[in-house]
């Protein structure tokens, strides 16, 4: 099951094409990942203070299917695909909540996979994820 | 040969990790594509008024290698990999200009491929790229 | 009474100083204004399609009191101060929901007044606000 | 004499109204301030490492006169109005470089004053600006 997070489209998200600027879906994906972590009891600011580490994105592969527009309501999902000591991979989607479809057939605005590494916050070098974090994620 | 465009890192580009937020490289890549088009005589605002069409990103595959930081100087490249009537694909890199390396060995912050479709600006549906644009691109 | 809208601070909102980048409070204020309008039955996309007009900010006066940080929870307010045929003025605050205070004594991150004009969406020239909109706002 | 810095309008800067989103002028103003400081030999990243202090905006008063659009070229200015041990005040303008006018009569997109305080980077509390910085600014 995927974690779900609602996102509303505001003026800040759109561009002169009248649609959501392509980089901004990465913001929505990041918000959903943050709330997914929070739902597991992981606050990133607190985590950094305790462990000295932060998550940093190392790879993305994104497909843009349908433009979203001002005032649209989206549901952004996050589902863990893989978790190791050095990095985790998530599958994420930005689904339309505005355009109604049959159950289980939501229209997809944008989707992709995001790989995230664990790094030392001071040096930004790859590090081994604390095992209690890895356990919670799994 | 790749088109090159300089980018300086400002406060707006960074996040609380002290590094460039991952979505912002897509802004830098877009700036470089816009300037590459402009260097070919293609202004997107004028193009839209004349042809009724705009470019819209349909797919990205990005790898993040080294974080960039406040005040860093980058060179962002754009090189056409493929061009068809419905879409074009570019290879883009964000290279370090701050950290010196032997010639031809620039450090790579971020790189990837970007596929861009041509759509009708009013309907946002895929359309056939005007042939004079396609010729200029090739 | 002021309209209230919750805002969570994400990585995208912060900068390398570890705090919310000053321009981003204007995004939060815009989100709260949009939701305030929506609470009055005014959707801006629909409004534009029906009337051909849009709201455009013409003046801001903002004070920044306390930096907000990653994971902070804010309440952003919007209160109409003045409404005329050409423009409206709102008072807005970004209050801390994270740091607890006695009732009625919320800590203020940022506050100010925002003047917004009504313009023709095609020409962007000042226009007279439709009277039914003005009535709803008052 | 005001310091001048060129800014080009890209897709990322615009919104669905077809114009530059109001918060983004604050980004342009920040870029121009950063380059003004750099022109005086002050790099903010280096400054922070040496002194432990950073500049943080404490107040803005901005008027928006004329919308800027995709592909527009702006000149953004920065002129020191006042400098004290705790804060400095600048006057900044975003002028049109695209629309030609008689010399000395540039069209103004946006202008205002920005007050910036000097704070300890760790505590974010107001601090006394190092005297050598204050001297350079004056």
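So that you can tell them apart, the chains are marked A, B, C and D in the order they are listed, and the count of residues begins at 1 in each.
As a convention for this text, a contact is a pair of C-beta atoms (placed from the backbone, for glycine too) under 8 Å apart; a residue touches a chain by one contact, two chains touch by 3 or more.
Keep in mind that what you see is a predicted model, and the values were worked out from it rather than measured.
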Ask   = Hey, which chain ends up farthest from chain B, C-alpha centres compared?
value = C
Query = If you tally the C-beta contacts, which comes out ahead, B-D or C-D?
reply = C-D
Message = Just the number, please: Cα centre separation of chain B and chain D in whole Å.
response = 26
Message = From the mean C-alpha coordinate of chain A to that of chain D, what's the distance rounded to whole Å?
response = 32
Inquiry  = What's the distance between the Cα centroids of chain C and chain D, rounded to whole Å?
reply    = 22
Note = Shared-interface residues of chain B (touching two or more other chains) are 11-12, 17, 19, 23, 27, 30, 69-70
Request  = Note which residues of chain D are touching chain C in the complex, please.
outcome  = 17, 19, 22-24, 26-27, 30, 54, 56-64, 67, 121, 124
Inquiry  = Using the touch definition from the top, list the residues of chain A that touch chain C in their complex.
reply    = 8, 10-12, 27, 30-31, 34, 43-46, 69-71
Message = List the residues on chain D that touch chain A in their complex, please.
response = 11-12, 14-19, 21, 23, 69-70
